[in-house]
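Shared chain: chain A. Partners: chain B in the first complex, chain C in the second.
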Partner chain A sequence: MRRSMLFLPGNTPNIIQNAEILGADAVILDLEDAVAPTEKDSARILVRNAMRYMGFGRCEVIVRINSIDTDFWRKDLDAIIPQRPSLIMPPKTATAEDVKTVDAYISELEEKLGMEKNAVGLIPLIETALGVENAFKIASASKRVKAIFLGGEDLTADLHCKRTKEGNEISYARARMVCAARAAGVEVYDTPFTDVNDDEGIYTDAEYAKSLGFTGKSAISPRHVKAINEVFSPSMKDIDYAYEVMEAIRIGKEQGKGAVALRGKMIDAPIVARAQQTIEMAVELGLGREA
Partner chain B sequence: MSKIIRRATAGTLESSDVFVTLEPHDSGVEIELDSVVRNQFGPAILKAVEEVLAECGVNSAKVIVVDRGALDCVIRARVETAVERGKGE
Partner chain C sequence: MNGKLVQSIREAIALSGLKSGMSISFHHHLRNGDYTLNRVMNEIAAMGIRELTLNASSIFDTHAPLEEHIRNHVVTKINTNYMSAALGHRISEGLMDAPVDFRTHGGRPRDIALGNTPIDVAFIAAPTADCAGNCSGKYGPSACGSLGYAFPDAMYAKKVIVITDNLVPYPMKGWSIPEIYVDYVVEVDAIGNPAGIVSGTTRITRDPVGLIMAETAVKVIQHSGLLQDGFSFQTGAGGASLAAASFLKDVMLRDGIRGSFASGGITGYLVDMLSAGCFESLMDVQCFDLKAVESIRTNPAHQEISAMQYASPAAASAVVDKLDVVILGATEVDTDFNVNVHTDSSGMIMGGSGGHSDTAAGAKLAMIIAPLFRARLPIVTDHVSCISTPGRDIDVLVTQRGVAVNPKNQELMLRLKDAGLPVIPIDELKTMAECITGKPNKPVRSGRTVANVIYRDGTLMDTIQSV
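Let's turn to the complex of A and B:
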């Protein structure tokens, strides 16, 4: 379950060591934008040691490496892959070739280290107009790609427009990302809401992202984690309905019915799939019960 | 074997971090430690510094460690970074 993903700057020990208590389902240890060029070496070694020796509890660890147009990304992977991160986030991913470049180097490292093939997944960060247009190709470029991630700040710069709280300027990109990810069968995560002092705005922004089909949303401040978790968790009403769907299917099967209806509506395969996802999430959140 | 050929620093003076300065030294390793938790963890900090220097093949250096309550793995990271920055080819 990955509702919230919290960016943490890679060169700040006091923040990284508190990662597991900040409430996010995943943390993104950042070696890219949050680290000054002169401190890339320092952050890389710190993140490597943190992953090796610190506990992150139930929090999933993702590492954002530097982009493939820099001299840093291979060194980042050399240090991080042996620590078996759940996912690597390559930034500024614009084409399927970009994914394949990172994939090939991770494969080399996995083989050298005697690791299981494809042990480490990818969550490409798409933050350019070209990346958005290539979103499906990126999402289906490698078996490693488990999700794609929209970066709204760099994207608006590339689009030559201003980033606003309402986000109209990225609405096309958001919809396109969701469609591309679902077509490729991977998850999709929304850009952070960057006004860290706006405790209302984060709810609106997260609800909008959820309504479009995003799996979850990222944050640059721990203040936004609670709102994101709330919005992307199933409500008790959703959970009750999911159990009703599964019960109706069970009874229908017992009675040998080909088609099953609930509250006057036909229950088809997508409704059952959604009900199963809701129940799985409810169980993980401790809100589930015996079906 | 790595030789420290230039002064190098790593880390910060922020809470939970450590600021490490490494300088060329003629004979052996000399460590100066300033730490808010020196009484409780001084020997452990010195051990971590010495171990990293040994792992990096550094057998002569002056090391100034200003600790702000850093975890062991942070101290090790900062010393390693300072060595990488200060060593010759």
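Let's turn to the complex of A and C:
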């Protein structure tokens, strides 16, 4: 379950050591934009050691490496892959080839380290116009790609427009990303809401992202995590409905019915799939019950 | 009208009969904006008076020039309740021959009243006064609100000098300390810098770890069984403590709980709670921000109290003994729940008890809020560098990774466990911290005592060694 993903600068030990208590389902330990070029090595060592020696509890660890047009990304992977991160986030991913470049190097490292093949997943960060247009190709470029991630800030710079709270300027990119990810069968995550002082705006932005089909949303401030988790958690009404769907299916099967209806509506495969997802989340959140 | 009003601080000192070897006192309501202590000490030094005992309720960084007076033997002994790092570090390095005696905000007035620490001349910086010495902190350009800590000095010193930058016609209205105690009055251009006296606003922390601890602290209070009508509460002005007050206000308003009083150093957050109907009254020994000053000036339910009424164990009764819950900080906590607020983890003096031990002893529930580690230092340790408040007076430690309940309070332990709070034995919290930070070496001490930590009842709680 990844409702919320919290970016944490890779060179801030005070924050990283508290990563697991900040409420996010995943943390993105950042070696890229949050870290000045002069601090790249110390951040890399800190993140490596934090992963090696610290527990992150139930919090999934993702590492944002430097982009493949820098001298840093291979060193980042050299240090991080042995720590078996759940996902690597390569930034500024614009083409399927970009994914394959990272994929190949990770494969090399996995082999060298005797790790299971494809143990480490990828969540390419798409933050250019070209990347958005190539979103489906990126999402389906490798088995490692588990999700794609929209970066709104760099994208608006590339689009020559201003980033706004309303986000009209990235609405096409958002819709395109969701469509590409779903077509490729991977998850999709939304760009952070960057006004850390706007406690109301984060709800609006997260609700909008959810309505478009995003799986979850990232944050650059721990203050936004609670709102994101709330928005992307199933409501009790959703959970009740999901159990009703599964019960109706069970009864339908018992009775040998081909088609099952609930409250006058036919229950088809996508509805069942969504109900199953909702129940899985409910169970993870401790809201599950005996079916 | 009388001969009390004199022309200068020097004239007042001369008239008071201050001589070498005597004892002088100051209060700390002007905090880091105080000009008065330094100005008086400079005059005393220029007059050639030496070997004084300085009894100051607190010493802030603005009082760093005291170092020179100590080197020149103008001051040879210090009694105080709090000393920030500027002078504290020098003391830790062995600046003084005689150890500093640290007391508590309740222990100081106790020892003054009992004659254990007699004061020859008290200097009271007063934001407003008249020529007879009636004075108050509520009015004037240097307003600081309550003058609570100055009351024992006024009442028990042999001579009392009021120093003001806002002299008003006799009789001033709304005085706090009456003329009956005052011998001389001096008008000066400024007693302090308003910017350092009180902050414009005190803000709750934005630190996510602080907010998590504050949320947990409020859950502990909710499930302690104490949060009901008539509830009484004290908290400090630290970021997480203020956040806890803010969250507590929401819970009290939501559940319609009307408390009795909040006490201690008062911030705008407690004023907001009073205004919202969370409490009937504020019992104010010291104001921390402009909102508190404005409130004590205008709202009769916001009451000034003396240090004796606040916390003295020698008083017939005191506010701290009526507290339900107090939230306190710590630089270190050990596995016996002993708390250090005097030194940092290196053993350098950078604080003091203030009202810590007094409120912990008096309150039904004494809660420490502290992160499990600061930078790379674990805060929960085997043994604190200095015992400021004994573990027997502490009920619960709230950290960002769990809540440790003192085993002496089994009822609280059960209540919190039943409520599903993350109750963890304190040894486990210590291990958890050390897993992340490693176990730091203890600082090397010389064995020379630079300070005594005197508990509120006058007994020696601990000593601080030079570093």
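One rule holds in what follows: the second predicted complex is superposed on the first by the 291 of 291 C-alpha atoms of A that agree within 3 Å, B and C clash if a C-alpha of one lies under 4 Å from a C-alpha of the other, contacts with A are read in each partner's own complex, and residues count from 1 in each chain.
Convention: a contact is a pair of C-beta atoms (placed from the backbone, for glycine too) under 8 Å apart; a residue touches a chain by one contact, two chains touch by 3 or more.
Please read these numbers as outputs of a predicted model, since none were measured by experiment.
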If chain A is used to align the two complexes, do chain B and chain C fit next to each other or clash?
clash
What is the contact status of A:Thr12 with respect to chain B (first) and chain C (second): first, second, both, or neither?
first
Given the touch rule stated above, what does A:Lys143 touch, chain B (first), chain C (second), both, or neither?
neither
Check the residue A:Lys165 against both partner chains and state whether it touches chain B (first), chain C (second), both, or neither.
neither
So, does A:Arg52 touch the first partner chain B, the second partner chain C, both, or neither?
first
I'd like to know which partner A:Ile21 touches here: chain B for first, chain C for second, both or neither.
second
Of the two partner chains, chain B (first) and chain C (second), which one does A:Lys112 touch, if any: first, second, both, or neither?
neither
Between chain B (first) and chain C (second), which does A:Ser42 come into contact with in this model arrangement: first, second, both, or neither?
first
Looking at the overlay, what does A:Lys253 touch: chain B (first), chain C (second), both, or neither?
neither
Thinking of the overlay built on chain A, is A:Lys100 touched by chain B (first), by chain C (second), by both, or by neither?
neither
Do any residues of chain A touch both chain B and chain C, and if so, which are they?
13-14, 17, 53-54
Please output the residues of chain A touching chain C within their complex, sorted ascending.
13-14, 17-18, 21-22, 53-55, 221-223
Residue set of chain B touching chain A in the complex reads 10-11, 14-17, 70-74, 76-78, 80-81, 84-85
Residue numbers on chain C that touch chain A, as the complex places them
206, 208-209, 212, 373, 375-376, 400-401, 435-437
Touching residues (chain side chain A, partner chain B) in the complex
12-14, 17, 41-42, 45-46, 48-50, 52-54
